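Once you've had a glance at the structure underneath, I'll fire off some questions.
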Amino acid sequence: MIQSMNEFFQKDIISVRDFDKQKLESIFDATNKIIKLKPNDRREIGRGKTLGYLFYEPSTRTRLSFEAAIASIGGTSIGISNISSSSTQKGESLADTVRIMSIYSDVLVLRHPLDGSSRFAAEISEKSVINGGSGTEEHPTQAIQDLFTIKKEKNKIDGLKIGIVGDLKYGRTVYSLLSALSYYDVDVHLISPESLKIRTDSTYEIKKRFSFTESTDLEEYIDDLDVVYVTRIQKERFPDEEEYIKVKGSYVIGLDITKKMKDDAIILHPLPRLDEISAEVDNTKQAKYFKQAEYGMYTRAALLGLILNEKGF
Amino acid sequence: MIQSMNEFFQKDIISVRDFDKQKLESIFDATNKIIKLKPNDRREIGRGKTLGYLFYEPSTRTRLSFEAAIASIGGTSIGISNISSSSTQKGESLADTVRIMSIYSDVLVLRHPLDGSSRFAAEISEKSVINGGSGTEEHPTQAIQDLFTIKKEKNKIDGLKIGIVGDLKYGRTVYSLLSALSYYDVDVHLISPESLKIRTDSTYEIKKRFSFTESTDLEEYIDDLDVVYVTRIQKERFPDEEEYIKVKGSYVIGLDITKKMKDDAIILHPLPRLDEISAEVDNTKQAKYFKQAEYGMYTRAALLGLILNEKGF
Amino acid sequence: MIQSMNEFFQKDIISVRDFDKQKLESIFDATNKIIKLKPNDRREIGRGKTLGYLFYEPSTRTRLSFEAAIASIGGTSIGISNISSSSTQKGESLADTVRIMSIYSDVLVLRHPLDGSSRFAAEISEKSVINGGSGTEEHPTQAIQDLFTIKKEKNKIDGLKIGIVGDLKYGRTVYSLLSALSYYDVDVHLISPESLKIRTDSTYEIKKRFSFTESTDLEEYIDDLDVVYVTRIQKERFPDEEEYIKVKGSYVIGLDITKKMKDDAIILHPLPRLDEISAEVDNTKQAKYFKQAEYGMYTRAALLGLILNEKGF
């Protein structure tokens, strides 16, 4: 199907909400193809193409993942990784910066603190815009990476029991992940301190499509989960430190927790992590967060390849 | 002519004053050739070549334009975009930094606050030096880009009536543009607040070659101009804020102004802009400043191609 | 030998102490091969490979040298040159940063202020780690560059009289250089102010393998030396300024000194320099520090080529 028609050609990637199951599966297929290709063949996919990136928030991980992805398919990247050294110091508007960058490159990646920034950029840009994280709710390429990892490591997504642990209030990753999961038939269990529970306004739409349970106790269902998706809990997000100290320990994945988990369960994390997963867990067979980072490079390479090539690759 | 002899091979590009009409036209011809080439053929021109950049002043626009240019002809770029993170913190001289960078690369781009810095660098460098903006008067690749845009959009330069609007005192772009225009037979009209008029010391030489008129009123001749070149007016440049507020509004190009302009007149701007051109103007057919940015990438690619290839391309 | 077996394939480059004479000579042979190759052939060596760099200390020189090196063999580079804009701001551990970067790239370069950081990184990394300078004692690629320069310019290393001048206490370059020289039969003379003498704890092992003399007088043996290796003396390193002023002038290489040197002696410097070598010396035939910078790019390209290719190149 990818051969004869490619629905992503010259399209923008703004929000997981614009996707559906079939679109996600197309990207997964393309990613599997990327992984199987020999490096020399892989580099034909984006040969001579230029990715332009505009990072209005620091994000080394996402920037390097895209830079590695475009390099792996034979292209190159230029951009601004740090707004403070850019023309915007001179007061240039986002619109102008996007327009110029879209002249210099074949595809654009934008990371921006404001909701709606990528959709706005896409209207202005001459080239496809990929949302590299915006506002509090959207990080579509992270969600694609997360779901690809689940499918690759568990051989399926439908039917899985998925726990999402940590700061569910502020992390944009979680909202994109939930949106993506809503296209599948999964059991989602949200685990967080009371003060970091998911925002109900943001999940209104998701709730219409699938239900999830919530609790504050990590261990309650831990032995039943197929996927444990861990996020950072940031101290500064707590109204008072007392409360932080109270919950802090409850959300650390250590060997004690992994032993309670199913043998074939997997632990994911968007990274960077602080101490919410102990280093000792890295060597367990459940630890898949580094694999997840690797898949992130391949899913981005696949997405770029689809956007840049009319008939796919 | 480009085929059999290429006068730019391994030469420095320091000042528009070193040029003449024939040299400018050679670059325009090469630029038209670049534009027509298929991407694969274009990438043969600079295949495997490395552009080294040294930016002692921030300039995202110029840096990215050069990075996109060298990428488009198959080369790569390395360099320092932000002096604060460089060896010069350890007190290294410009001479040493230039010499080393010229060892690492095939062609050098220097942006530096001091007049004469590029000429100095060219004496030291083992490779060609391109002035990416120096001091208050030189920005030759911007002037080339500007004239190419005029020629491309108006089909000629000789005989045109060109208005230059805004801060004519501090912008290096204007001095380079005037120098370049002095090789042509044009009518130049300078429009600026009294306190931001062109510096007479800097135009002494230009005045010997062609005359220009000056006024403070944007609208006076607006219906007669073929080209309206707008520059930023920076608030901090005014001796007192009162005066700034007084003139501010008079130099904003809005739809009211474009309607008074000739239908086939063009509006240019070196960018970034603040509010001296209203966003509503972007969609008029006179607005050519984004096209100008695109041509900037191509003129730089052409220049690099000529410098790097003995027989041109 | 390089053709049939390459001992550097997928190996780490952590410390000169892990080397021996034969290993150094292998790299020198590979470097000579790199220099002789035509650019097109050279670019086959690292075609499509990605170098990932992590710089926890600023070092424009070393970073650009590696970037130029990987570009010269057809590869590309991605990385973090300035820790302050990276994920480590979010508190990520060195271990995690290294692991992720090793997923994104084919070979890793790490610059870090702590002793042992590179060896630690190598244990974690999925790809080869090259120490780009760590702690106070290790900078192996600088030492390789230094010895290659000596061999190339003097046609031998054994039998030479080598003076090392300046700050011998704090510069990591000196310790790596001494370790590398200990594999050869050389006469080493250390020249420094009393307060910047070499640290005896660090040279304990070296002293077992070869002896060196020490003095505070630059001119004493200057007419007898084949190589004069100069390092920066940093004012802030002195216990009091009085002492700095006292010794400052004594360690400046000017034309007066070069005239006392042998005609075929060579002057080296790891760069950047301040005023410890006068600019007037740059044009003497003894000045080889810029040549040394050039060789640095080639030795790094050779090392990368050996690490990346099973059978060498």
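Should a chain be cited, it is by its letter among A, B and C, assigned in written order, with residues numbered from 1 in that chain.
In this text, a contact is a pair of C-beta atoms (placed from the backbone, for glycine too) under 8 Å apart; a residue touches a chain by one contact, two chains touch by 3 or more.
Since this is a predicted model, take the numbers as computed values, not measurements.
Common neighbours of subunit A and subunit B (chains touching each): C.
In summary, the pair subunit B and subunit C forms a contact in which the copies contribute largely different residue numbers, shared numbers making up under half of all those used.
Separating the CA-averaged centres of subunit B and subunit C is a span of 40 Å. Under the contact definition stated at the top, the residues of subunit B that touch 2 or more other chains are 76.
Subunit C meets subunit A in the complex at residues 48, 50, 52, 76, 78-80, 85-93, 95-97, 99-101, 103-105. If you check the complex, the residues on subunit C that touch subunit B are 39-40, 43, 58-61, 64-65, 67-68, 71-72, 74, 76-77, 81-82, 232, 271-274, 279, 290, 293-294, 297.
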